[in-house]
Amino acid sequence: MRVKLIAYTPEPEKVCAVSAYTSISEKGPADRFEEYDSKKGEKVLRHVVGYGHHSVIEHASFTFAVEGISRACSHQLVRHRLASYTQQSQRYVKFKDLDYVTPAKIEANKGTKEIFDNTMKQLADAYQKLIDLGIPPEDARYVFPNAAKTNIVITMNARELLHFFKLRCCLRAQWEIRELANRMLIEVKKVAPVIFEKAGPSCVQLGYCPEGKFTCGKFKEVVDAYKSLEEDDIEKLSKLGD
Amino acid sequence: MRVKLIAYTPEPEKVCAVSAYTSISEKGPADRFEEYDSKKGEKVLRHVVGYGHHSVIEHASFTFAVEGISRACSHQLVRHRLASYTQQSQRYVKFKDLDYVTPAKIEANKGTKEIFDNTMKQLADAYQKLIDLGIPPEDARYVFPNAAKTNIVITMNARELLHFFKLRCCLRAQWEIRELANRMLIEVKKVAPVIFEKAGPSCVQLGYCPEGKFTCGKFKEVVDAYKSLEEDDIEKLSKLGD
Amino acid sequence: MRVKLIAYTPEPEKVCAVSAYTSISEKGPADRFEEYDSKKGEKVLRHVVGYGHHSVIEHASFTFAVEGISRACSHQLVRHRLASYTQQSQRYVKFKDLDYVTPAKIEANKGTKEIFDNTMKQLADAYQKLIDLGIPPEDARYVFPNAAKTNIVITMNARELLHFFKLRCCLRAQWEIRELANRMLIEVKKVAPVIFEKAGPSCVQLGYCPEGKFTCGKFKEVVDAYKSLEEDDIEKLSKLGD
Amino acid sequence: MRVKLIAYTPEPEKVCAVSAYTSISEKGPADRFEEYDSKKGEKVLRHVVGYGHHSVIEHASFTFAVEGISRACSHQLVRHRLASYTQQSQRYVKFKDLDYVTPAKIEANKGTKEIFDNTMKQLADAYQKLIDLGIPPEDARYVFPNAAKTNIVITMNARELLHFFKLRCCLRAQWEIRELANRMLIEVKKVAPVIFEKAGPSCVQLGYCPEGKFTCGKFKEVVDAYKSLEEDDIEKLSKLGD
């Protein structure tokens, strides 16, 4: 998969800190914005986010171009309703090839990989035959698998992102959306380090695991892993869940 | 597919009419509720809905049990974000059989039907083999097709339903979600006939087609079809789109 | 203030439990609904709500008629965006009297009460004079105070209610919206006792206070107070915050 | 009032056009973003917005610093739920002065203006006296009027803005929120001229007035006024409603 942050609110932390000030002072936000002191602002923001008063960070918005996730993953993704999506249509696009995602556990074993690849080949053939027989793409695609790759543009604000990371960076989430969430987190940490300072799965954000008997049992490892997150860490994070 | 209205706000039109009164009079809604006159109430409601002041009909909520739609359809459905969904999980359910939806245009032709059914059989076999080789359901399901049947519980309020019908009863929507929308509309018309009096695709609600050059060109037929809608009309409505 | 639950999803806990089943079994929700066993269902629901998997309880919706809260309170209330409201308009209603809410701390003292009541009298006079001089109600109301009484119809689903109670039953919330939240909680506990079993302020729902140095310091008293909540407890709850 | 656009998605129209492409082509959004051709992009965007397919313009977000609107106006404003707000608190801010908004119709007449100003003076005095007698600001503010000035930070995406303008630029909206909407529209037209090309009240966006017998009757004048909108036009627009 490929995840690229293509746009975001400029100076996101300034915008959010100025909003935080607005609620507790007589001075207005336009004036505040002009005379902003980033050191003080970051302190206020860290404080506000720390206490879970997350409405102010809704003012910062982030847009991601995502390529090559499976439709299984996109179906989970779009269940997050406080966000905006534009997804590649299987109704209007007539596909030449069937690009697909292979789960690592299937990839790892020669036998399962063979079954999987053969099946994908059969599906691609069936799709093509149906198209050739005059079936429109919107119907031919009924044979397409959950594994089929899709592209999607995602916009979420910082508050929803924190919530998304809570659920989807968790080791209990499926590996693919977990990788997506981790890649998104790495991107936003670069441009809004204070807001996303303690971002990650629930256990990282709360300081304890709320999953009760469903816990993954790796609290310490997970908390360590999110202490400093960089692009090279994606594989390490992926392996945590095995 | 099977669509059943399993719950809804009792006396939905009374609740909405009382709300409409609340905004324009000194008398409070608790009193209004006790002394409600349904004839006057319906008049107010018809008026309010007619002028597009739809916020009052948000107070009426409808819950549907939906069985046997395809995952292609459910993926479109859950893009409507002002609603609540609980869907059957392919991660946690280990399927014994692969139930699937066959598009009518594929069904209609012996050649295409054979390709389709064979492909489904191959997929079901591949899924089973992967499971037998120790692949967890959440990964084995990557071979499952868009055609795979799913179950889902949907809750929408009347305002969102009107919007949903606008888009999804339209002949430009895919046939499967169109059937779903029509079945839902038939159900709610029974219990909230005033609110849904003029419900249907955009052209029915607006009195003209807003799709410009993408119009289906069947304005008159569509408007006629929605004049009185009953269970037996599902097939007729489905055929309109052919 | 007067708070009356005028409508709600019938059998709310059955609807939510059936939804919970839907996500983890092959059997569909329409069948489940017909053969529901309330004992087993409640167990599933208690489990699901307990682990914070709250999406299933969105299917249960509750509508309240609220009379006689202040505009200060309604302005706070409508900031909760995942809800539906219909409020008495000050633009379209020409008021004969100015009904108003007096804060308890002002009521408690003869001096402050006198200042307050006189001010209200001056405001009512000014409003009337402006109306008499031909100023339309939508402009004359600019003299009306935050204390002015208003009526409002509120619809929230159970998930949003739990969140609302977390914030607004908290002793750090303003006394008026706290009373409103407590009255709403008492109403819904009667009809959905399992869903709202552990409802209340954050500390009651989480088992600890998340407010850090802003804590009210009354954790034990608050947790005790919410153990069994009945109509007669409103005053006791109000006093907790003094 | 003062309305300043303090932040927005950079290159908003590029982001939205790239999203539009994503849904109808095999090529992914990250690649599209790199090789963007603004002329073709604008054509696509104009087309998409024109047909009312507004989901793609949700990816562009706009943040406004607003100073000096009345609490009457802010109470209307925050009823738009698909948006983010941070408002100056009357609970936590202890006000030294009472700044207030005077409606033009009250300002226009010496008699009404005197009544209004005297009333504001009485209110400010009462507030100060209550504070001096130990009443906390959150209770003393119950005497504050709807006219009291407030500051607020607003973030809306382009889709919600189009909807907001439909309702609030309409001559049937109250003059104050109409001025706010017009000022916001002027700001966003500068940075996203294609998206907001036909923005304005319903009649401007639809080409007809949907208000039926409640129409203002000034269709032609209104449509003309929104043809080219600049800062100097605020007064002209305000007068249209008289």
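Chains: A, B, C and D, in written order; residue numbering restarts at 1 for each.
The rule we apply is simple: a residue touches a chain if its C-beta (ideal position, glycine included) is under 8 Å from a C-beta of that chain, and two chains touch if they have at least 3 such contacts.
Being a predicted model, the structure only gives us computed values, none of them experimental.
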item: Chain labels contacting subunit C and also subunit D; value: A, B
item: Winner on C-beta contact pairs when B-D is weighed against A-D; value: A-D
item: Between subunit A and subunit B, centroid-to-centroid distance (C-alpha), Å; value: 28
item: Cα-centroid distance, subunit A relative to subunit D, in whole angstrom; value: 31
item: For subunit D, residues that touch 2 or more chains besides their own; value: 85
item: Interface residues, subunit D side, partner subunit C - complex; value: 70-72, 74-75, 78-79, 81-82, 85, 90-91, 100-103, 105-106, 109, 111-112, 115-116, 118-120, 122-123, 126, 129-130, 133, 135-136, 138-139, 141-147, 174
item: Residues of subunit C that touch subunit B when the two form their complex; value: 2, 4, 6-11, 15, 18-20, 22-26, 28-33, 55-56, 58-59, 61, 63, 65-68, 84-89, 92-93, 95-96, 151-153, 155, 157
item: Subunit B-facing residues of subunit D, complex; value: 50-52, 210-212, 214
